[in-house]
Structure formats: structure tokens, C-alpha cells
Amino acid sequence: MTAITPKPARYGMAIDLDRCTGCGACMIACAVENNVPPARPEATPRTGITWMRVYQISNGASFPDTRAAFIPILCQQCGKDTPCAAVCPQEAVETDPATGIVDQMPQRCLGCRYCMAACPYHARYFNWWDPQWPAGMEKTLNPDVATRMRGVVEKCNFCHGRLHTARARAAAGGRRELHPGEYVPACVEACPAAAIVFGDLDDPASEVARLARDGQSFRLLEKLGTEPKIYYRTARPWVRQAAAQQRPASEPPERRLRAGLPAPQGSGQKEPAHA
Amino acid sequence: MGFTRRDLLTFTGGSAAGLMFTPVPWSLLRDTAVLSENWPGVPQPLHGEIRTRYSTCTLCPAGCGVRARCVGDRPVSLAGVSGHPASRGVLCPTGLVGHHLAFCRDRAAEPLANGRPVAIERALAGVSAAIAACGARESVAILDPRPGRAASLVYRRFLAGLPSGVHCAPPNAEPYGAFGIDLENTRAILSFGAPVLDGWLSPGRVLANRSHFQLIQVEPAYSRTASLADLWVPVLPGSEDGFAAAVARALEGETSDTHATEVARILLRNKPAIAVGGGAAVATLNAKLGSVGRPGGFLPRRDFTPVTGIASVPDRSIGVLLIEETAGGEPLPWDLLRRKLIPQDSVVVALTPWLDGCARHADYVIPAPMYLESLDEAPTPAGSTVAGFSLSPALLTAPPKLTPPAEFVLRLAHDSATYPDILKQRVAAIKKDGRGTVFTYPDAKSARVRDIPDLWKAMLGGAVWLDEPLHSGTVRGADLQVCAGPPGPALPPTPEYPLLLIAADNPPPHGSPLMSKLYRESGLRRPANAATVHPKTGRDQGLEDGARAIVTSPSGKFPVQVIFDAAVMPGAIEVVGQAISPASIRRA
Amino acid sequence: MPKVDSQLMPRGVRRSTPRQFLLWILPWCALLAFGLYGAGLCLVKGLNQTNMDNRFAFGLWIFVDLTVIALGAGAFFTGFLLYILKKRELKAVINSAVVIGFICYSGAVAALLVDVGQPARFWFTFWHPNVHSMLTEVTFCISCYLTVLFIEYIPIVLKNRKLRQVPSFLVFEFELHKLMPVLAGVATFLSFFHQGSLGGLYGVLRGRPFAFREGFAIWPSTFFLFILSAAAAGPAFILLTTWLVSKISGKPLVRPEVLPLLGRISGILLVPYILLKSIDTLVWIDSTSPARGFAAYQYYAWKPFGPWILFAEIVAFGLLPALILLRRRLRESPAWLLSAATLVCLGIALNRFVFTIQTLALPTLPFDPFMSYLPSWQETATFLAVVAYGVLLYSFSFRYLTLFPQEKDLSC
Amino acid sequence: MLSHIIFLGLFYTVLAVLSATVALSLFRAAQDFRARRAEAICWQATFPDLPARERVCRHEFTGEFAHRTCDRAFDCRECQTHAALVAERPPDAAPLPREADVFGLEFPLDRFYHRGHAWAHPQPDGTVTVGLDALGARLVAEPDAIELPAVGSHIQSNGAAWHVRKRGADVRILSPLDGEVVATSDSQNGWYLTVKPDGGQLDARHLLRGAEIRPWIAREMERLQSALAPAGQAPTMADGGVPVDDIAAGYPDADWDAVCSEIFLQP
């Protein structure tokens, strides 16, 4: 920790869905930054750990009218009545008033998974296995982030390792505040299309605040009233519609595999009755 | 005054109660916490001085600059070099985790002869013997995935010394021949199935200019590029050339089908425009668009030396084939290669870091260093309008028993020089010509070659040399040769093969275990064994979503997992990395 | 050996021969061993042994825990009626109720310890509790209440025929028994809270509109509904077990008027529960859920969770048994009484199932799918271990302790 | 913060109450022993657990009640009902024979009988000899072991006077009176204990005498028969009714523990 106490910020993101090419660089940069272990072969899309996960959504229409878009989902850093923070029995989830970042403390987590049941974005992940790396690869772990043990929950924390580094640098420079852009999460830095903008939503001058105010921006499940800090932007009406539609949607179940979900086996997924 | 049982009980009880007021039980509690926090067997990251080192990515022809965050001298994460002329500070997903490749399974660790480990000398002897045994009619060929490198020069020299040596490249190694694409100034790209937004040329450069050009994707599959293009024109597989011709006519003002007219309108409104991908008709279309040799179009480079495409090598002519495979593991068309070999007595040598590629068909496997394990070179970045060159210094310490492909060929040629020597000569040559500029990674600055005292050192520190542009007018060589796009018109479906097999995605590259995990768990890239069909087509074939099935085509059969996706053209089967051909699919 | 066995039994009651008893417990012991093996796998290899996943963070275990804790509520409620409201007739079943309660709660806690990812950290909740979490409330109350049940269990054990020959045991039991009302009071207090908190557990999930409920002060409506439903189910479950035990042991255990009384209590509590539950559901459909952007119909559009589930919960397993239990004539006939009691217990199980499983199965994001899950054999085995443990503990208690004081007078 | 205080406050209160409850009962138990209440409490705790048939009021024998269960744990000394009944029909109104013969068992009527089959015989010297009555004696004839209280120790009525072991049945004989043991014997001379009663003389209000004996023993024989009868069989005595000297020998396969417990009022 650093001695400085910077002026409170409210960090958030604006993701431009019209720029996202679904390459997955954000997911990969995130996993590298945060020492997410390569999965066991047994791990499925439902048990794997992807702090950031790019879903593909579609307008549900058939060829050639079909349209698809990519939508990266990470912890939405809810700013009000944060569902996961309220339910944790032992304060392993805390919202940092100085940054507005919802932080998960694995070393205090009991592994009851109540927070996962509480999260509407499925942005929390449980360590079902002991973490393992191929021989030698553990030497490439990021020294700024501790590895997690089996049986605890983890999630995106806007790369707080990077926040600490940035603060330390600022403190070394005798500064109490961080310059905009001095601290950006790994996914933001890695996005080849520069689709993710990160910054202080409370700073009206910041680009992210400007995009958040943009008429084409929206947030997921806004009506839940949890004030998420991840904004999505698109000029394509159908994308906005698909991101806010009632379920079960017209979306055909065939997109399941593309949406990052397992192929049905036995009593796997059921088709929506109204589909 | 004896010691009764009562006394004992009192004592025990008392001490138990007293213990509660000592720190002992509480510290024991804490210890359980400590235990559960450092769960046995969980590796903790190593700490050390954080340093930044630079290199250049050789996994694909894009030639992106790499900034490595290192603990001590060990890279822990890779990122782009901001301002890099080719990559514009961007790395693709594969490049981001290039430093993990060294830890993949399926690595070639030691020389193999017919699957058995041998000393490198034995392998050398064996291969030389095989080469010596080749008569004038039996040619010795080296398949060079990246012509235009210093290594390629080594190959050419060696082959020149043989009675019949062939220096050949896999299909599409040089898509635009002597030409680069002036992305910075083009206003419209008419793409015939080229993955423009999905790893085409240097992704960073393409995306940086994305806002400047209209993108029209002509492709039967609703690919990533199609989904992000300004206009997607779904055409029947194999009818691209026809559509190109239609557009050409529409440009002339002739009335054509609505799509073509629409496309023509966009191209005319956004000039300069280019057409990429596709076949001969696309070349003529470019000529019509006047995009050859003009700013915003195809511009010629100085460094081009033509190389035989493997396809044009006569069948059953190669006696000894040396195949260089890159760490990126671009797939090689083995069926094509096999046809070129002399049936019985041909020798195949795989110079590769991988065991699961061409090594599977090779008599000799010469393990090559993995990306970032040894000093390497990156030739002119794909699609660059000027010649370029950069070194890829090693960031990892390589295991023993590895031989860089060029090194192996040098030793075959009994040349005392080492690969680094060759690279030094190349750099010296650049310095001698004194043309062009050098962009150095650490300070993100460009300087003229003349002004750099020690070019070699600068290059080792991370730098890319860029030639001066040619005068756009003077086009050396013939007119633009555009790569052979999707092979000719597809055969019409037959009763035996009612469906059409079309390429969906590039096959998943050799990647970090982490990358493959993330792709698998997010389903972002279709698994290599996925066959995506329209739900209706699938049901007509008696399949359901997720079923296991067998796809049969004239070139053979392979098992797949069926994915229903309404985005797929009815009557088509999208399969990762397949050529267009009629096919049938049935339940496994 | 048989002599010791018979000398441990209460006098004046007939018990199966040692041989029969052995034949009875052997299969259960086998089941227990198998279950413990499954649980051991989960503890040693980790929760990857289960079929739970990041979406189904809760599974069979949590569902079972909630159900058995609801059914175990009989212990506290019978105690409350007997010691606080002085309902003497219930003395006939209180011992059995206590044992059942103890079994249910200890079983639930055991299952929970396997369920959490880091069992070694179970005490963290007490170390740095987040008092705003319903789960904290549950943890504290259940651990306390388990202690209470244990203390309530002691006198029953001390009255064993051999143990009671030690005068000090008998005297301690006598003194402790005089303070039973205190314990009953504490038990009631604790039970009200944790039964409620278990409901609150889901009611506060503002991220899960299917489960989220408005409420009073810090407690969502489910808090109160769970208390009521548990209080209603407890007596019904005791009724069932008593009947079952007397069928298995082939002896009358309580006077004929006791079971109908239990049924009546259950019925009386069921009515307000059903009433409130219906109101709550209507409010939720009408305002709570839509206000959060989810039209309630969509929850029931995913097979197999159709609207039938609402009907089953409220009418078939609620209103119907309530009406049966309130009609004296029906109550008096064993067939009706028992089927009604069974319906009540099933209703509770269904209710807990809906809140645990359906809540997690329903998608929240517009582009994520409906999911289902089947427990792995390790999960099922662990659950069976809890059942076997319960049966064994009860069998031994029934054989060597006096669970039904009226039995010896009825047996001759 | 406040919520912390409230929550943890409640929690610790609950814990305090629980531990206090347990501690208190332990403390009280200890006190009971110190105050010699233990024996009485044991009987208090035992009596309700006896089957109803063993708890019938003595006035049922005399036909004053058709059916009445004792609610005073066989201690008539504070029982108003008893007092009232005795007042209106004083015992020994009619002269009695010196001894009663019930089914061939002699019950001398010069002494008082406890429901637990111990008799108390006041001696001229003011002491009281205590022994087993004929039925009890036949049940534990030639006991395997006898455990008599130490001379000088104090016994309480309805408390354990001495212990007899017979065929694995561990029988405690309930004391008919309160008093201090002055002598013990192994029943050669017909008695086991000589007791100096508290308060100088024997308070026999709670003991049976005279005319009560016959109906009482009649019932005891019934219970004995049903206890001896193997499960399911009709109760019969080996010989047409008169118990042999050693009943145990007559019923080798009877659960002797159960039989003795039945007769000696052990739960």
C-alpha cells in the first residue's frame, strides 16, 4: 500500500460494441495480468475462470438477415446496493470508497458462493480446482497479483495490482493524484480496436464520462438499480434491443455455443417455451 | 495431603480456562488462516527487478513490435510498442501470450530420425546423404514460409549449389507479390473473403485506419469481418469472381444486379478504393479502380524477389523436402506437398518447433527454437508499402538441442557462418545502403539510418528498419498478381454430396495454453472440430445441435461436432480451415 | 452382549431383538460409509467433484439444508408450545422432536462444511462478520441453536436406564429440566431468526428479480414467509415421523389424540402462510418484478418450470392440506391426516427447491441461456450420508432412550 | 457500527444465557448433593417414569378408589387425600391376626411394608430393623451379591437403602424410612439394617400395614406373573400359584433384570 490518499474517483468503463471485433485480446490480457491459471482439461465453460468474457449476441434473424455483435462482460462494478458486497458473510467483498472499485479478497473468502448467486452478470468465478500451470510457465506469473487457492471466489477488480503500481509511481513523484491514463486495466491497454475507454466517471472532463453521457450508451440490467459502472455504446439499434430484451428471447438456442456455453448433453439446456 | 482425582480435574479445568486468556489458542486460529491462504502447491509469483525489454513478433508476417515486462530477465507479459509503424502499439491475442508458447506440450525437444531420438550430427549426416543421393531429376526443395528473410537467402545460396534445388513457398506466402497496400490513404476496401478485421496484414495498422475506409465484405459466411463490415454481400461459394466482374461492369455504368450496383456506388463515392482477396477477376477490378501504383491503392516495394509457389512445382519431382515451420504454425497443405514428393524414396525433413505439424509426416525432425527463444528476424511486415526488417532478440533461455532452421541449412552447406552472422551481414548491408529510417522501440522515435552509429546494437535493442518508398509510378515486374483467393467455382451439389463445405474461420493458431483455455471457455473461437450449419439444414440432415457427426467430401471424411447457427447459409457446412468442396454430413 | 443391550433399553417397552436391530442398521451403516466416501472426495479433491458450476453456485446440498432445517423446525415449535404456551399434550412427542431437530440441524451443518470451498475457514464468519448479510445471521443462529438442541438432547440421554443409575446424572437432568423453558425461549428466538434469514437469503438478492422481494425494515417478505412455513411444516414432519416409527417398530407410541393435534397445529399455521404467500406472490408479479425490468410471466416460460409450479406450491401443497387438517372429521382419519401431512412437507421442499434451484436456473442477462443441473454421485452420496446418519442416530435413540413417554403405558 | 453492536450484542447475550443455564443447573445439582436432596430427587425423577400400573394409590387396594394414580411419589406424609381418608377410617380399627398368609407367603403384621418390598420393624429400643418382605426375598433369594450401606451412613425413605445383585439384575431396595444406619447384617437373622429413625421414632404414615397387605400383594403377584410370562404367553406360575422359595431358579430364561425392576420399582 502507498501512503497517499488520492481524491476519491469513480472508475468506470465505456465499451464501444461497434468497434469490438471479438478477438478476445481483452480476455487474454486480463488472464495474463491476473495470473489466471490455464484450465484443467475437465473444466467447462461453466466451471472455467474468465474474469472478462466476450459473448456473441445476435438479432436472431436467419441468413442472410442475421446480424451479430460481440459484448465483453466483466464485473460491472455496481455502485449502489452492490449485490455481491451486501451478501458476503465475512466482508470478503468490499467497495473501495476511494475508487468505487468492488474488490474481492480471496484470502478472506470462505467459498460459500453466495455472492455468485447474487451477481446478475455471472461475473464471479469460483476456483473449482487447485490452480496449476504447465511446468515452467509459473515463472511467467505477474508479481503484482497473488495467485488464488482452490475453493475461493474471484472476479475482475479493474487490475488493482496496476492501481497500486500507479499510485506508488505517483507517490514516488510526490503526487497525490493519478494522471488520467496513468492507470488503465490490462484489457483496456490490450484492446487492438481501442474499443474500451477507462477513466473516472466523476471527472466530467474525462472521455469515459463523456461517453457515459452519450445518447447511444446504455448499461446492462439498469433497472435492477445497482448503478453498474460499465457503459456499453452502439449505434446499432438491434444491439441495444438485444441487450435489453425480455426473456425468453426470440434468440434461437442455436447460438448457445457461440455465447460461450456448453453443448447440450442429456438434460442440458431446455429451449425456451415461447421460442 | 494427597493428590486426589478432584484436584486433577480442578487443575485441568482451571488450566483450560486460563489458556483462553493466553494468545496461544488465538494464534493457532490465525495459523489455520495462514495455511488456507498459502494453500500447498499453489505457485507464488517470483519477485524481482521489473525491467522492460523489446523484441519483434515472428509468429505471423505482421511483424509487430513487442514490449515485454520482465521480472529480472524473465518476461511476464507482452504488449505492443506504441507508434510502431506496422503494429501501432497493438498485439493480437496470439502475440499477447507468445511468451507462453515455450511451455506448450507437443514441442519438439530433440532431433528425431523416423521418430527415434538421434544426435544432431547423425541427423545432419543422414540428411546430407539423402541430398547427395539425389540425382539431377530428383530435386531438393526447401519450403520457406517467409521468403524475403536473411534465412531465405541462406536457403537460396545452399540450393543454388545443388544440381536441382528448388526454393519454394507455400500458397499465399506473398499475397500481393511486390505490392503493399496503402491503407493510410485508401477510402474503401472491397474484400472478397479476406479476414480484413480478423488478423489481416498487421491488425494494429488495419484497425488504426478502420475509421478511414468503407468496408464491403463479399463472403458466403457471416464471418467476424462480415459482421463488422459496413456492407456484407453474401454470395454463393465460388461465385466471387463472377460478382467481381459484375461490380467491374457496374463501375463502367452498365446495369448489373442490385448488389453489384450498390457496391459500385460505394466504391465510386469513396476513392481511392481497392479490392482484396479473390482471384483473377479481382485483379482486373483493381485495374478498373485504378488502384495499382496509386496512393491509397497497391504500391510496389523494392525488396521483392519472386519465389516459386509450391503449387507450380511439378508433381513427383522432389527427392528431399526440407520444410521450415514457424512457431506461429501456419498450416501447410500436406496433401499438396505429398503430391510433389517422389513416391517411395523421398526424404522429408521438418525444421520445426512443433511435433504436431509437418513433423508427423517427416523422416527427420530438427527441433527449432520457439518464438522468443533465440535471435530471429522479421521481414517486411505483411502488406507494408515499403521494405522492412527487424530483429527479434531472444527473451527466454532456450533448452538445449535446438537448431534454428537457417543454422541447420548452413551446416548442411558446410558453411562456417552462424545464423546471427547472417543477420549481422543483413544489417550491415542495410547500414551500407544507408537508405530509409529506423524506428527504435524504447524511445518510439524514427531516425535516418545514416544517423545511427551502431545499427546492429540499435536493432538488438528493438527497432524496425523501413526502406524509402519507391516512386509510385515506377512499377517493377509485371502488373499486380493477386493471390489465388477461394479456388474456382464450386462444383454443383450432387446427390452424393448434397451440401457445400466452406471455410469458416482460420484454424486456431498454435497458442498459449491460457489462450486456448479462454477461447474454449468463452466459445469465442469455434473449436477446430466444429461444423456449423443452419438449423434447418441440420434438421433436414437429421442432426441436432451439439450432435457428433461425420463430414464426407471428395477429399476424405473427418469427425465434427455440429453447431446450429442461423447465421450460416442454408445448404452449407462451415468448417474451420477447409477449402470449398461439395460434401455430405451424417450422424456419427 | 444381548443382556447389556436389553439392560440399556427402557423397561416396559418391547424392542426388536439385537439380531433384527443389526439387520436394520447394517444397510444404513453401509450407506453412511458410502456417503462419507463421497463427501471425503469433495473435501480432498475439491468441489470439482460436484456438478455445481459458476452459474449453479448452489445445488442439491443447499436445497437439502434448507429443507431439513425447515422440517426440523418441529423441535423449536413443539418446545415453544409445550414449555411456553404449556400445551401438555405435546409432552408425548417432545423428546422425539428434539432428537429430530438435532439430527436435521447437525446434518445440515455437516453438509454445509462440505459445501464451502475452504472448510478450514468456517470460523472466519465469526471473526470478521458482515452483519448486513443474511448468511451471517444464519450462521450465527444455526450454530447457537445447534448448541441449544445439544443441551436439550442431554437430559434425554441421561435418562437412559443405565446412565440414570448414576445419581448425579439424574440430579443434573432434574435441575436442567427445570430450566427447559429458558432453553425453549432461546430456541424459539434463534429459530425465528434463522428460519427467517434463510428466507431473507433469497429475498435480498436484488440481482435476481425472481427471488427478490420488498419487505419491512431490513427483512424481505420471504423472511416472514419462511418462518411461518417452517413452523407449519415442523409439526407435520413430527407427525409423519412418529407415525412412520410406530409403523416400523409395530407399536403404538402416542395416544391416538396426539397426531390429530399436531395436524391441527400445522393446519392452523398453514392458513395464514398460504394467505400471505399468495398476497406476496401477487405483489411480486404485479410490481416488484416488473419494476426491476422483468415481466413475471417469463420466469415460467422456461420448461420445466411452468406456471404449474406456482399452483402446486400454493394450492396443491398448501391450501389443500390446510383444509384437510382443519376439518376435524378428516383429521381423525389416519389416511387423510397422513396424506395431508405429507403434502405439507412436500410443499415446503418444493418451496425451498424453487428458491434455490429455479432462482439460479433462470437467466438474468438477455443473452445467457436457461441452465439446468444434475447433482454428481458425490453430491448425492453426501446427501445420502446425512440421511443415513439421521436414521442411525434416531434408531439408536429410539432403542435405548425414551422418545415417547406414553409408549410403555400403551404397550401393555 | 451500531448494527455491529446490536447484532453481536444479541449473539453474545444468547451465548451468555445458554452457558448460564448449564452452569446454574450444574451448581444446583451440586447443592442438592450437599443438602442430601439427591436421593429424594432421584426418586422424584424416577417416579413419573414408572408405568402407570406401578403408581396406583394405596387407597385403590382398599377399594376407596376405583382407580387412582399416586401423584406424590408414594410419600403419603404430605398427601391431603391420604390424611383425609385416614382421618375418616383410622387403620387397625378391627383387631388383626398376627400374620397374614398370602399365596403361601408370610407377611407378619407387626411391621410396616414399603411399596418397594422392604419392611420396617420398630424395636423396643427405639431402633427399626429393615428387611426384605417374603416376595422380595423370594425374588432375590441367595443373592449373588449384597452391597449394604456403611454403619453410620444416613438413608432416606424412597432413597436407595441397599443394593442386591441377582442373575445380572442390579436391584436397589428403596428405604422405608429416614434414619441413620446403626447396624447391618446379611439377613441371617431376618433383617439387613438396623436404623435409628430421624426424630426418634418411625414415621410410618407412608407405609402399608394390616388390611392393605393382602390386596397389595395380590396385585404384586399379578404384575410378577405378567413380568415372568415370556412375551405373548398367558401369565402362569410354575406351581398352581404358591411361589417357590427361589423363583429365579424356577424361571431360568426370564429376563430377571426386568422382573426385579418391575417389582422393586426401577424404571
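First chain written, first letter: the chains are A, B, C and D, and each begins at residue 1.
We take it that contacts are C-beta pairs under 8 Å (C-beta built on N, C-alpha and C of every residue); 3 or more make two chains touch, one makes a residue touch a chain.
This structure is a prediction, so every number in the text was calculated from the model and none was measured.
When chain centres are taken as C-alpha averages, the shortest distance to the whole-protein C-alpha average belongs to A. Two chain pairs are in question, A-B and C-D; the one with more C-beta pairs in contact is A-B. With centres set at the average Cα position, the gap from subunit A to subunit B is 28 Å. Here the spacing of subunit C and subunit D, counted between their Cα centres, is 43 Å. Centre-to-centre spacing of subunit B and subunit D amounts to 99 Å, using the average Cα coordinate of each chain. Separation between the centroids of subunit B and subunit C, computed from CA atoms only, is 60 Å. Across the assembly, subunit C contributes 118, 121, 124, 127, 129, 132, 136 as residues in contact with two or more other chains. Shown for subunit A are the residues that touch two or more other chains, namely 44, 55, 130, 149-150, 253, 256, 259, 261, 268. Chain pairs that touch one another, listed by label: A-B, A-C, B-C, C-D. Remark: subunit C residues 118, 120-121, 123-124, 127 touch subunit B in the complex.
Partner subunit C is touched in their complex by these residues of subunit D: 3-4, 6-8, 11, 14-15, 17-18, 21-22, 24-26, 28-29, 32-33, 38-39, 41-42, 44-46, 49, 51-53, 168, 170, 226, 231, 255, 257-258, 261-262, 266-267.
On the side of subunit A, the complex with subunit C involves touching residues 40, 42, 44, 46-47, 55, 57, 71, 73, 81, 83-84, 86-91, 108-114, 116-122, 124-130, 149-153, 220-226, 242-249, 251, 253, 256, 259, 261, 266-274. Interface of subunit C with subunit A (complex): residues 46-48, 52-58, 115-118, 121-122, 124-125, 127-130, 132-136, 139, 201, 204-209, 291-295, 298, 301-304, 306, 359-360, 362-372, 374. Taken together, the subunit A residues at the contact with subunit B in this complex read 18-19, 21-25, 27-29, 31-33, 35-36, 38-39, 43-45, 48-50, 53-56, 58, 60-64, 66-70, 107, 130-131, 133-150, 186, 189-190, 192-194, 252-261, 263-265, 268.
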